[in-house]
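Should a chain be cited, it is by its letter among A, B, C, D, E and F, assigned in written order, with residues numbered from 1 in that chain.
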Amino acid sequence: MLPIPFLLLLLSSILSPSSAADFCVADLTLPTTPVGFSCKNESAVTVSDFIFSGLGVTGNTNNIFKAAVTPAFSSQFPGLNGLGISAARLDFAIGGVVPLHTHPAASELLIVIHGTILAGFISSSNSVYYKTLNKGDAIVFPQGLLHFQVQIGGLPAVALASFSSPEPGLQIVSVALFANSLPSLLVEKVTFLDDAEVKKLKKVFGGTG
Amino acid sequence: MLPIPFLLLLLSSILSPSSAADFCVADLTLPTTPVGFSCKNESAVTVSDFIFSGLGVTGNTNNIFKAAVTPAFSSQFPGLNGLGISAARLDFAIGGVVPLHTHPAASELLIVIHGTILAGFISSSNSVYYKTLNKGDAIVFPQGLLHFQVQIGGLPAVALASFSSPEPGLQIVSVALFANSLPSLLVEKVTFLDDAEVKKLKKVFGGTG
Amino acid sequence: MLPIPFLLLLLSSILSPSSAADFCVADLTLPTTPVGFSCKNESAVTVSDFIFSGLGVTGNTNNIFKAAVTPAFSSQFPGLNGLGISAARLDFAIGGVVPLHTHPAASELLIVIHGTILAGFISSSNSVYYKTLNKGDAIVFPQGLLHFQVQIGGLPAVALASFSSPEPGLQIVSVALFANSLPSLLVEKVTFLDDAEVKKLKKVFGGTG
Amino acid sequence: MLPIPFLLLLLSSILSPSSAADFCVADLTLPTTPVGFSCKNESAVTVSDFIFSGLGVTGNTNNIFKAAVTPAFSSQFPGLNGLGISAARLDFAIGGVVPLHTHPAASELLIVIHGTILAGFISSSNSVYYKTLNKGDAIVFPQGLLHFQVQIGGLPAVALASFSSPEPGLQIVSVALFANSLPSLLVEKVTFLDDAEVKKLKKVFGGTG
Amino acid sequence: MLPIPFLLLLLSSILSPSSAADFCVADLTLPTTPVGFSCKNESAVTVSDFIFSGLGVTGNTNNIFKAAVTPAFSSQFPGLNGLGISAARLDFAIGGVVPLHTHPAASELLIVIHGTILAGFISSSNSVYYKTLNKGDAIVFPQGLLHFQVQIGGLPAVALASFSSPEPGLQIVSVALFANSLPSLLVEKVTFLDDAEVKKLKKVFGGTG
Amino acid sequence: MLPIPFLLLLLSSILSPSSAADFCVADLTLPTTPVGFSCKNESAVTVSDFIFSGLGVTGNTNNIFKAAVTPAFSSQFPGLNGLGISAARLDFAIGGVVPLHTHPAASELLIVIHGTILAGFISSSNSVYYKTLNKGDAIVFPQGLLHFQVQIGGLPAVALASFSSPEPGLQIVSVALFANSLPSLLVEKVTFLDDAEVKKLKKVFGGTG
């Protein structure tokens, strides 16, 4: 009896190539597609492609937000490509904030690891949902809705966020308004903010126009 | 030869019930699902369920925006439910604006029918894309991104928008900040706007807190 | 305090590259995928990729259909790629018709801009839904179903159609039967049309076989 | 040591209820949704819900098509609901045909079990793809495209078709044109067929108008 | 000038009802659908529906696995329904293991919070990917593949897992084989395990047959 | 009157290129994507790309399983790429078995062509569903769940399986445990099997470690 060669024959006919079924580790050098990066050749994939260590490192909160976002999206963690999930670490110093923002392509599930955070979102029908969250509490922000996280109390805070897409995107309203070349007059027209306020914040965020 | 009865026999065995395959006219009285409304019983569906006449009516622009949005989403046009598409009519008086907003659940394709509009969007990587559009020009706003439309020139404007979802949602930033009960201090914290500006706009938009 | 550099540091770590999340402008020179074209490199994307002006131009109705279809699909309007939406302009001379056809990959929402159109579709359970539509009226054709539009009355007509896919496809039954090399005997067998009719229409539509 | 109670405690906390994850056996008495039938209560599901025996029965080909289609869609086979797959058996007498048709909601993979079949489809770009298939040969018809199957040779034929949806739909062109109340004048207008042909086939297929 | 009433008029016409677009909080008493639970009426939704506190509680590891899984799926956390994401907390005593298992409906992203874990998966092409993970390390398990987590070293371990579905499902191989009524002879036939081993483990896991 | 040139003009403007809409025949030499292979250039596509003849050939059952699986996935049948469907032929000698396995990416619909098969699956909530199937009987295995097929009675058996994905994947539990380099100690830890059993089966299946 010679089971092994026959078995291998069976397996090789079924299982090669199979990269389309299981995973698609991002090859950042190839063209992208409407649903993510092209795949690295399966023969070059190793366990390291499925591991990411950056979420264990405290982010640098020495900035205007007193907060830091450390993303583990498919751009940083290629093994996530095509798998419908990603993560990020949020660090907050005292007074830290992740300002009003959206993720255009994903819902977010946030879990508080240390400290206390006030978090919430606003719905399409303009209802407001927010609450104070302590260690172990989780909140979900539905896809595309404006939401925010604010550190409160006397201790720095850490949270882990996961997203329903390997590339959730991130659009911070104040950055979109005040940190690029969108003309001040246009910003004022589409927000009803006054000219002085817009120009002050353009200076803070480094915008032009 | 008796082809008809046999033919009908064949058809009835294949084609009844078929409501799951073709369409799902919204029954607004039934529970909703993660992908839209439950379906009206197929026997009660008529051609009227697939027709909507509201887009031919000029919207009332006598409001703070000097603009009007007339939606034809599945809530108003039940035949769209489950079909991945909807529409809206935009009317602009002189000086009209649809302020900075997102559609959390859809991309938008806008076509100018009358007049001139300045329209644009901001990407997740904070690039700004905007242009003046004349009659017949079309622009696409990718899903979930902040975008705006401003009437320009001496004539009122009309545009038709279509969306990649029967319920695209609509979240106007200034409405989300200033027309609900989100506390002023929290608005200031998550936007970097100053207190006077927030309180002034809360009054304009009718917000509290 | 040096907020701007830190802010930029934060942003660059989060937001680059982000093309997978926001949009995927079609690069027509790269290989295609099961879900559309590969993406143009984000650094080469400009606002022009998101603008299309062809829908403002009257189509040439001097043909057998006395009608014209001007598509704004991702092949013509690369910014639509991956965004789940597209559009087309329909022009009808007096007596014009868009004959019985399907869009294999999309539902269609049609809005009458000028004139009067009789439009309808047939369902899988062989029910017929059709109605006369005037300026401002809209109708939806569910994905994949046979439908048609016929100009009626004394004025030319114009309509705008939007689709739930950037490449809806278009398959006109009479073109599929009479404008290619499908043998006449086979056409007759699969349609129950008689030989003279098939041969007459093969001549009209330029088919062979 | 008392592992079993603790184990059961663990399992019950994780695994109940789980009907949303694994399967959704159709309950034909409940309202339908845009993606299929509502689910039968999991406690009432038995192995019979996942079994269907109708594909082993020869269809009655004593009709105008000399062919029979025996569907195993979710309407007939409730266990398929929500699972993205279904099947049908095709029986052909000598001279049998499944006329030109589409499945609006599914691609089809057909395998010949007995006899010989000529099968093919027409693409959106009007290319024709067809071939003679013998026992064991398979062909795929992409979603929504017009296709057909014709028995050839001296033996009856049987084929099994599978579909990429639990409710693929079926729209036979000649049935859609000639077996309902669509007025003859309108049929002629949208097909370019002449009046005598339309009226003759309306009689054959039992249509009115 | 009376902007507020007009504004409210505008908003109410656009935004009601909008539950289909933003979120669909599970109503566990209504029928389920192929894509999750039916939605709670939007008027009854509160911020509590979007909050879950169970992940902060240490699981009871006094069981055969010396480990505990605390799920935050849509069954436990109704706000997740329809949003494509969920989470779970894993607690490991010394020697703890989450045995070989799959999530039929989701990919998993696991982050180590305390201690050290050996984790890995096996691909469809039978390649093995596993590694020792310390605090802060993350690993992704592609959808549907067999994977495992084993505590190692001298300290208990905690991990947070997130999933690309609100109901990922969980199928532990040893539980599926040894903790139900699947007959021993059948288990042996489909696994190649010998009779004594199967009967021994049926006793450990509480199976019958 | 010159209808043909105008007609062709119309068609060419609408229909070229259209490869994104209809089909995407796999080009196995190009990079893969998260949703399958890149497409072969449409101009090189022929009818042969949509035909597969391997399912008519009896598989070689002279192996340890006394069974054979002949796949018609997109790797073997490039026309299936992107179309959400595939198939396989199962041959069973007397005593043949397709051992406990999952398809991570697809539901399966199996139809018995010859002989008798005992087939079943286990759900996430650990319920067991299995039954004896005769010629013509069909069973569905929901996506990702453990299932098996065993020949019974005195005749060889043949079945046809179809899948809801062009690359369903295949993960046989005993192969995943005993036919690769996963260390025996780790196998024992994650399965509760004893050391002698694991080492015996590692020898049978050719595993190492």
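As a convention for this text, a residue touches a chain if its C-beta (ideal position, glycine included) is under 8 Å from a C-beta of that chain, and two chains touch if they have at least 3 such contacts.
Per UniProt, the chains are A, B, C, D, E, F = Germin-like protein.
A quick note: this is a predicted structure, and the numbers were derived from the prediction, not measured.
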Contacts common to chain B and chain D (chain labels): C, E
Fewest touching-chain hops separating chain C from chain F: 1
Option in C-F, E-F or A-B whose residue-number contact pairs overlap B-D by over half: C-F
Chain separated most widely from chain E, comparing mean CA positions: C
More contacts between chains, A-F or A-B: A-B
For chain B paired with chain C, centre-to-centre distance based on mean C-alpha positions, whole Å: 21
CA centroid of chain D to CA centroid of chain E, Å: 35
Numbers and ranges of chain B residues touching at least 2 other chains: 11, 15-18, 21-22, 31, 33, 35-37, 104-105, 123-124, 126, 130, 142-143, 145, 165, 169-170, 175, 179, 204-205
Touch-based graph of the chains, sorted into line, ring, star, complete or other: other
Chain-chain contacts as defined at top: A-B, A-C, A-E, A-F, B-C, B-D, B-E, C-D, C-F, D-E, D-F, E-F
Residue numbers on chain A that touch chain C, as the complex places them: 28, 31-37, 60, 62-65, 68-71, 74-75, 104-105, 165-170, 175, 179, 204-206
Chain B partner contacts - residues on chain C that touch it in the complex: 11, 15-18, 21-23, 42, 46-48, 50-53, 55-57, 72, 77, 79-80, 83-87, 106-109, 111, 113, 120-121, 123-126, 129-131, 133-143, 145, 160, 162-165
Complex contact set, residues of chain F against chain E: 97, 99-100, 102-105, 118, 122-124, 126-128, 130, 142-146, 148, 150, 169-171, 173-182, 186, 189-194, 197, 200-201, 204-205
Partner chain F, residues of chain A touching it in the complex: 3-4, 6-11, 13-22, 24, 27, 30-31, 33, 35-39, 81-82
